[in-house]
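Okay, so subunit A shows up in both of these, paired with subunit B first and subunit C after.
Now for the complex of A and B:
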């Protein structure tokens, strides 16, 4: 086996170990690599920042714990921004883990003195995916007779003047699935629609942003980091960016290695064929 | 080290799940089964909560008997587990689910995903991005033209379409990798920050 063949047959376990080290070392001792803010995030920040104190938004948490690492930091950053602006937040959810994730999100603010039912509420998980979004966008109280804490939604002060998507100032969703169902069901209410997506599906949502159907979009953990940077409030997103960058460099390195190996072995095979002819 | 038993359990289970990367082993298999069991239990609890908040409370507190319709339709899904003879009954709620889902989607799909997207793609070319989207859309459509004789414009469009599709797939794959790394970073925070305090970032 020559050099190029050996290069193409590196034990995958070595790659895994290098990968873990490439992520762990920058987390343990951060490098402080610069983070530039993309146009998407700037646009999202400006749209959210245009909300006024007392405005109400719906945040749909379409996050499962399996995908939380990529999207939850976005939700934490945006919710922090909304709380700092005294915007009221109605939480809904279409993933089974939504209710618990929402409770974790609101807990620190409740402890800090914000009032449940007035500043925010957790309506919890509603089964049905797109059907659920369509149902609560049309009639919140009918779709949610009770909130996650078993309070009647008729008694929540935050819902006194809100009963559908058209009654809120903005609809924000965080999703590990797709943006399609939100665009399909919410756009008709003429309410600004903003999305935070797992990086894997973000390219598919790009046309909605171009068409103006989405007023803003955050992409994965990087989107969270950029948003934190815009807010001037570093969080888990910014802290992860060094590790993400080094891991990407490692992947690029292995792609180059694989291609060198491929080209090297191809040349050898070709010269062998020519010799045999 | 953390004193929270939840952090201990989730960290150990994460390490066992990662052990699959080295070699499949009995502990990994056990964790895999544990995951299926816990997920089933969790689904059951969430289902129970759903029934209490969406059916039982409206029925007993508000005397809203309309909720019985979806409740009965839901129960019909379980008929095959009770009687093989009447297993066809489950087709009724399935038809309702599919029908309602299709109707809700189709209702807005044409406006938002078809007309809306065409309008955005052929709209005034404001910047380089708009131009790339326009060329990419036309090119991709040319690539999937199967009934026209391949002339120079169609061939050129088709070539543009082929490159657009390749770039799209590359972007999707790259974004996919970025997403997976974020999930790994999240697990690193759990093991090396919440469990073993090696990472100092909060």
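Now for the complex of A and C:
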């Protein structure tokens, strides 16, 4: 086996070990690479920042724990921003994990003195996917007679003046699926729509951003890191950026050496054929 | 009748929601809202039905003593432990919280994280410069990976510019085309279903 063939037959276990190290080492010992903020994140930050104290937003948590690594840091950063601006947040959810994720999001703020039912509430998971979004956007209290903590939604002060998506100042969603269902169901209420998506799905939602149907969009873990950077409040997003950088670089390295091996082997095979002829 | 009644129900419900979406007719608002609420209730029932079906399937697997019986047994134990602790002890109880945070959350995160390892391995084994199309795929993939990671702009400031161009121009053009063609296809498909031409959702072939 010559050099090119060896290069193309690296054991998968070696690839996995290198990949683990590429992620672990920067997490333990960060390189501190600065993160430039993209236009998408700047736009999203400015839209969210335009909210005034006392405004109310709906945040739909369409996050499952399997995809949380990419989107949950976005939700943490945006919610932190909203709380710092004293914006009221109504949490809804269309993934089964939503209710628990929302409880984890609000817990630190509740402990810090924010009041459940006044500053935020957790309406929990509603089955039905797009149907659920359509139902609660049209009539919030009918779709959610009780919140996740079994309070009647008629008794929550935060919902006193909110009956549908038309009554809030912004609709924000974080999703491991796509933006299509939110765009289809929420745009009719003429409320600014902002989204946070996993990096692999976000390119599919770009046309909505260009068309103005989405007023802002955060893309993956990088979007969270950029948002944290704009807020001047480092969190899990920024902490993970070095690991992502090295992991990307390692994948590029694998692609390059695999193709050096492929082209080298092809050349050799061609030379052998020519020699035999 | 078994075929006609569901088609009539689908047509009435579908056209009701369609007309309500496109036209502002106050008389239709109430029925359309009701039907959408039914959708949510049906989805909840579908979840319960799926759980019953799952339990039935795995009980049959265990009773057949198949090689996968142990997996079925673990699944049923996990399903009942989670459901019963949640129902009887509450979702904020120690037991439910332990199952949710220490088992479910970790496993779900690991499941997603494993795709990164497969991706690393696949990038090494599958991405080959075999023809111009595969070359385009590899080059755009590499440019995007370098452009979207902070280290890329440290290597060359042009990487983010190129990756933004790929995402904002090339990708948007392609995505728009796919979105519009899917939407037109969906309208055609919806009309076939609503008018009863396509009955495959009833278990029958289209006529």
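We adopt the following convention: the second predicted complex is superposed on the first by the 277 of 277 C-alpha atoms of A that agree within 3 Å, B and C clash if a C-alpha of one lies under 4 Å from a C-alpha of the other, contacts with A are read in each partner's own complex, and residues count from 1 in each chain.
Please note the rule applied: a contact is a pair of C-beta atoms (placed from the backbone, for glycine too) under 8 Å apart; a residue touches a chain by one contact, two chains touch by 3 or more.
This structure is a prediction, so every number in the text was calculated from the model and none was measured.
Undergrad: Once the structures are superposed on A, label A:240 by its partner contacts, choosing first (subunit B), second (subunit C), both or neither.
TA: Touch status of A:240: first partner only.
Undergrad: For A:222, using the defined touch cut-off, is the partner it touches subunit B, subunit C, both, or neither? Pick first, second, both or neither.
TA: In the superposition, A:222 touches subunit B and subunit C alike.
Undergrad: For A:3, decide between first (touching subunit B), second (touching subunit C), both and neither.
TA: neither
Undergrad: Classify the contacts of A:255 with the two partner chains as first (subunit B alone), second (subunit C alone), both, or neither.
TA: second
Undergrad: What is the contact status of A:67 with respect to subunit B (first) and subunit C (second): first, second, both, or neither?
TA: It touches subunit B and subunit C both.
Undergrad: Just subunit B (first), just subunit C (second), both, or neither: which does A:127 touch?
TA: It touches subunit B and subunit C both.
Undergrad: On the A-aligned overlay, A:183 touches which partner chain: subunit B = first, subunit C = second, or both, or neither?
TA: In the superposed model, A:183 contacts subunit B only, not subunit C.
Undergrad: Taking the contacts subunit A makes with subunit B in one complex and with subunit C in the other, which residues are shared?
TA: On subunit A, the residues that contact subunit B in one structure and subunit C in the other are 12, 16, 19, 23, 66-69, 99, 127, 131, 134, 188, 199, 203-204, 207, 210, 220, 222, 244, 247-248, 251.
Undergrad: In the complex, go through subunit A and note every residue touching subunit C.
TA: Subunit A residues touching subunit C: 10, 12, 15-16, 19, 23, 33-36, 38-39, 64-69, 97, 99-100, 126-129, 131-132, 134-135, 138-139, 142-143, 188, 199, 203-204, 206-207, 210, 220, 222, 241-242, 244-252, 254-255, 257-259, 262-263.
Undergrad: Contact residues on subunit B for subunit A in the complex?
TA: It is residues 21-22, 42-43, 46, 49-50, 53-54, 57-58, 61-62, 64, 100-101, 104-105, 108-109, 111-113, 116-117, 119-121, 129-130, 133, 168, 171-172, 175-189, 192-193, 198-201 of subunit B that touch subunit A.
Undergrad: Would you tell me which residues of subunit C are touching subunit A in their complex?
TA: 21, 33, 36-37, 39-40, 42-44, 46-47, 91, 100, 104-105, 108-109, 111-113, 116-117, 119-121, 123-125, 127-129, 138, 141-142, 145-146, 148-154, 160, 164, 167-168, 171-172, 175-176, 178-179
Undergrad: What residues on subunit A touch subunit B, complex-wise?
TA: Of all residues in subunit A, those touching subunit B are 12-13, 16, 19-20, 23-24, 27-28, 30, 66-70, 96, 99, 124-125, 127, 130-131, 134, 144-146, 150, 152, 180-181, 183-185, 187-188, 198-204, 207, 210-213, 219-222, 236, 239-240, 243-244, 247-248, 251.
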